[in-house]
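Pasting the structures in now, so scroll down.
Here come two complexes built around subunit A, the first alongside subunit B, the second alongside subunit C.
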Partner chain A sequence: MPKCIINGKEAEFKPGENIIEVAKRVGIYIPYYCYHPALSIVAQCRMCAVEIEKMPKLQTACSTPATEGMIIKTTTERVKKNQRAIMEFLLLNHPLDCPICDKSGECDLQDFSFQYGDSFMRSSEERRTYVDLDIGGVIKKNMNRCIHCTRCLRFAEGVAEIHEMVAVKRGNNIEISTIDDRPLETDYAGNYADICPTGSLSIKDFRFKKRVWYLKKTPTVCEGCSRGCNMEVHEERGTVYRCVPRVNLEINKYWLCDEGRFNFKYVNSENRLTEPSIKSAQKFDFCDWSTAIEKSREFFQGKKTTVLVGSDLTQEEIKLILDFIPKQISVLSFFHYGTPGVLFSKDDGPADRILKMKSKTSNLYGIEKLGLTGFEKYSPQTGAFLVFRGGRASVPDLGGIPTVGIGVFQKTIIENFKIILPGTTFVEKDGTIFNFEGVEQKFKRAILPPGQSKNLSEIFMLWAHLGAARRAA
Partner chain B sequence: MTETLFIQHFGKEEARKISYYVEKMEGYTALKKAISLSQDEIIGEVKKANLRGRGGAGFPAGIKWGFIPKQSSKPKYFVCNADESEPGTFKDRDLMRYTPHLVLEGIIIGGYAIGSNTGYIYIRGEYTREAGLLQAAIDEAYEKGYLGKNILGSPFSFDITVHRGAGAYICGEETGLLNSLEGKRGEPRVKPPFPAQAGAFGGPTIVNNVETIASIPFIIRRGGDWFAKLGKLEKSGGTRLFGVSGHVKKPGLYELGSGSVTIRELIYDYCGGILDDRKLKAVIPGGSSAPVLTADEIDVVLDIEPLMKVGSMLGSAGIIVVNETFCVVKLLARMIKFYAHESCGQCTPCREGCQWMENIIERIEHGGGEERDLNLLLDIADNINGKTLCALGDAAAGPVMSFVKKFRSDFEQHIRGKKCPNA
Partner chain C sequence: MLLKPKTSILQKIYLPDIIIGLWITIKNFFFGKKVTIQYPEERRNYSSRLRGMHYIKTINGVENCTACMLCPTVCPAECIHIVAGERPDKEKYPISFEVDVLRCCFCGMCEEACPKDAIKLSNIYEMSMLKRSVYEKDFLLEQRGHK
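Our next item is the complex of A and B:
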């Protein structure tokens, strides 16, 4: 491998790699705004300018590929002066409204201002201001904070493959806008806020909800479709505030679709059943766990049962079900369910040109590995259904046959459900899933289950324990 | 006196006709000669001619042509940069207005030399009349078989399209021009890759100034050595059109051998001296981007290297002469307003810095300046200079630095007196 020297350190590189990436690998961070490893290179912000021996001018590290023997210096007085100058230029018109800005705490402009900028402001000119515009349901634009890095423009063109973000006007009056101020149309709008190095584009849903430094971050895997995008759950005291993408170059790169990003909303929803419930008339009455399990046992007595397992469950949960349930009730057969029209993995495929897959559950491929087949029709002998659901799978038509549900259900699910035993969502449990390419991914619990909700293993333990206690009595 | 190539035809309406060009100017004989030569022979001749780019950067045209790869999977393009927008510059306008066929012949030869079949003339939007004249000349050339398929019975085919700009200074920068030509925002591109590797529509492209291109037919017809000798300096061949404007008795275009006169000679011997016989205050020697010279600095030879030695540049050879009656602070304020207005806005130092400098200079001009503003101005200019994506930042920083350094007392008078002393 060819080598160059950065700040006296020898660094190996692949031909064509730019200086920013080569330096990163040997632990030298060069600050930048407009550069993003997944977007086209424009060298506009000039923050990453470094000194290269034998070149009279500073060179932007984003647009300069390393070459054999190149001697690069990133901390000389000239480099530092340029960084101070760029920070000063960028803050000339920035409102410095960090105390009310949601980006504060994870803002490149703020961080670099501390690290590379001056604490002193030399400008006494009036600041440039813009009128804020709403640009659709997901993103709020605050043009005053914008530093014109154009990452959003390049994301739209190059990744979301949609022509919706543009720069209008020129020079100092340049404004980032949607075409004719129309609302954003892409299903990937949340990423605009992620790549924005300032609080210029922010997620409406998260605005003014929580200062980011209070958030606890847990890596997880999105359960929105069979791609299994890597993301982080950000929560505080059991409330999930947002999900953000986590880099995985083999699966989702840097991105997340809006459907997956906002999928967590049901976790803390008021509409979620978090108490053991028994149906009476047209509503659910809450009860304690022993009553609910007692009633369930009674319910299944003498009935031949078809068991439906959601393909939004983890491998561990599915194995547990297959092992435990046949010992407790009379099972006709096991099926999996999840997405209408995607009964088997062969029905699955890309739903767009970016990330989304047709299967709207995350573990279709894992559940098939365990030998279950998709639910098409039930045997006429079926006297009852037992439905397991993780929170994402859509329950098929059960033909009016009485049903018990274990897992995550909404209060509005009335239909034929007689008893609900509340379970856990993907952020409340550990587990393993397989994505459409057969990649095995594990995720960790981020929050404790709300209310009386319990993990499947706990529910089964109660079931077994209460059964044993009754037999003893 | 040196032989002139262009200026004797300026002002003649009939000169723009193909009949005049063919009869009086040996029109299209260079093209005939060129297509009997190999590409390397033509490029070699242009290299020998020491033809330096006339747009401002002064890069040797022959060497630029030599950068074009012989083999290319994408089509090659030859682009004529007629976006003459540097304040103080008005030479290309007359070349297009009176000798359009000279420009066309140059483009066709250039296209042949680099193996291109497509030429563009990117002309600034304000030159509506010149765009029409070029189009008329193109139509004539097609009719006579100098353009189109199988030119003069050879296998070489070439087409020229006139593309009108929409009035942006930055589209005179070659990569900004190419973006605009492609229908994108007129913003300069990151270099490398240079246009010779990946230019218009991703293909290898040459972008040359109108005057550069208009010299080509002479070089082919009479040889590179002859052309080189028209210049008086070693590295600068041919003649140059100097556009003199401002406070001189006879402003206008002057064609002189490269490096054959000093600024003083041009102003006093050719232009008849300073208007109203006032004292000379300042000379901007190469379009408004060139750092200013004081009255004591004008004994410098008007060419690329000598001017570089004194910290200025020849640029587009548009010479702006200022006498003592005009306020240099006002002049700088007007110039920086132009650059702030014309900044494309993509890179930070130019977008933010030019506007900041404009605000400060305007304040000083109107009596609102502070003592610290002058050093601040110099520091801002230093933070822009050489640190931007294209040369526009340098073009704005150069004048600020030179004006403030050389005419500091004028600025101080404005600041201390809280108004313009001339007002």
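Our next item is the complex of A and C:
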């Protein structure tokens, strides 16, 4: 492999790689705004300019490919002077409203200003201001904070494949907006906020909810569809505030769709049942775990049961169900369910050209590996249903047959359920899932289950334990 | 084994020492400088840097605070709780701003961290209350102190 020398360090590279990437690999960070590894290169922020021997002027590291024997210096006085100048230039019109801005704490402009900029400002002129129009339900625009890196334009063009963001006017008066100020149409709008190096585009849903430095970040896998995008759950004290994409070049690259990004909403929703409940007359009564489990044991006695396993459960949970349930109740058959219209993995396929898949549950492929088939129709002998749900699978029509539910249920979808044993969502448990390419991915628990909710293994432990106590008595 | 201290004859009969001790007491009691003051009527002058009761500075009736959450971040006692919101005349403002005074250790770091010159510790030190209370936003917005 060819080699170049960066700050005296020898760095190997593949031909065609730019200096930023090569330097990153040997642990040298070159600051940049407009460059993004997944977007086209424009070299217009000039922040990444470095000194290269035998070149008279500073070169932008993002647009200069490394060549054999190149000697690059990133910390010389000339480079630092340039960085200081660029920072001063960008901050000329920046409102410096970090106390208000949601980006502060993870803002590139803030970090680089601290690291590479001056601590004072020479300018006393009035700052350029814009009037901001609403650009849809996901993104809040604040044009005053913009530094015109045009990452959003290039994201819309190159990744979201929709020409909706444009730069109007020129020079100092340039303004980023949507065409005719229409609302954003793409399903990937949340990524605008992620790639924006300032707080110019921010997520409306997260607006003023929490300062980012309070959030605890746990890597996890999205359960929104069978793609299995990697993401990070940001939570504080048991409340999930947002999800952001995590880089995985083989699956989701740098992106996350809005459906997956805002999927976490049901976790802390008031609509979620978090107490063991038994239906009496028309409403659900909360009770304690021992009563609920006694009742469900009684409920299944002498009934032929069809077990429906949501394809949003993890491999571990499904295996546990297959091993445990036949020993406890008389099972007619096991089925899996998840998305209406996607019964088997052969029905699944890409739902758009970027990330989304048709199967709206994450572990359809894993559940098929364990030998379950999709739920089409139930046998007429069925006397009861036992439904396992991870929070995302949509429960099929059960024809009014009495049902016991274990898992995460919203108060709105439990019409003919008799007993609900509250379980855990994907952020409250460890597990393994298989995505549509058969990639096995593990994820870790981020928060503790709310209320009385318990893990499936704990529920089964209670079930077995209470049974043993009764047999002994 | 007990060691008996060597004492002189004067100490052994106690009386001279008692007289000396009584004299010191009488001297301080009748002729000494008073240490206490008649508190509610008389007051001491404290330094203007005294850190007392909290307040949020307002300008023309609008609170300076933008709910940037730097004071709860820096607070070592974790006694400040803010909920941020939006209203037409101000992009970000505190919907609720609570100082749990019982937890507060009056270190003044909130004042130091505040980028908007909003939270202040006034000179008021008489903070006894009839019930355990949390300073809410309305209370904090009363302008007290001269800082």
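The working rule: the second predicted complex is superposed on the first by the 472 of 473 C-alpha atoms of A that agree within 3 Å, B and C clash if a C-alpha of one lies under 4 Å from a C-alpha of the other, contacts with A are read in each partner's own complex, and residues count from 1 in each chain.
Assume contacts are C-beta pairs under 8 Å (C-beta built on N, C-alpha and C of every residue); 3 or more make two chains touch, one makes a residue touch a chain.
As the structure is a prediction and not an experimental result, all values here were calculated from the model.
Undergrad: When the two structures are laid over each other on subunit A, do subunit B and subunit C clash or fit?
TA: In the superposition, subunit B and subunit C stay clear of each other.
Undergrad: Which of the two partners, first being subunit B and second being subunit C, lies in contact with A:18: first, second, both, or neither?
TA: neither
Undergrad: Touch test for A:220: subunit B only (first), subunit C only (second), both, or neither?
TA: A:220: touches no partner chain.
Undergrad: Mind working out whether A:202 is in touch with subunit B, subunit C, both or neither, as first, second, both or neither?
TA: Neither partner.
Undergrad: Is A:211 touching the first partner subunit B, the second partner subunit C, both, or neither of them?
TA: second
Undergrad: Which partner chains sit in contact with A:100 here, subunit B, subunit C, both or neither? Use first/second/both/neither.
TA: Second partner only.
Undergrad: What is the angle, as a multiple of 10 degrees, that the CA centres of subunit B and subunit C span when seen from the CA centre of subunit A?
TA: About 100 degrees between subunit B and subunit C, seen from subunit A.
Undergrad: May I ask you to decide whether A:92 touches subunit B, subunit C, both, or neither, giving the answer as first, second, both or neither?
TA: A:92 sits against subunit B, while subunit C stays out of touch.
Undergrad: With the two complexes superposed on chain A, say which partner A:63 touches: subunit B (first), subunit C (second), both, or neither.
TA: First partner only.
Undergrad: A:45 contacts which: subunit B (first), subunit C (second), both, neither?
TA: Touch status of A:45: first partner only.
Undergrad: Quick one: name whichever of subunit B and subunit C touches more residues of subunit A.
TA: When the residues of subunit A touched by each partner are counted, B comes out ahead.
Undergrad: Taking the superposed arrangement, what is the smallest distance in Å from a C-alpha atom of subunit B to one of subunit C?
TA: 26
Undergrad: Which stretch or stretches of subunit C touch subunit A in the complex?
TA: Result: residues 66-70, 73, 84-86, 91-92, 115-116 of subunit C touch subunit A.
Undergrad: Spell out the residues on subunit A that touch subunit B in their complex, using ranges where they run on.
TA: Answer in residue numbers: 41-47, 49, 57-58, 60, 63, 81-82, 85-86, 88-90, 92-93, 122-123, 125, 128, 147-148, 150, 167, 169-174.
Undergrad: Any idea which subunit A residues touch subunit C in the complex?
TA: Touching subunit C: residues 97-100, 104, 207-209, 211, 213-214 of subunit A.
Undergrad: Give the list of subunit B residues in touch with subunit A in this complex.
TA: Answer in residue numbers: 168, 185, 190, 340-349, 351-356, 359-360, 376, 383, 386-389.
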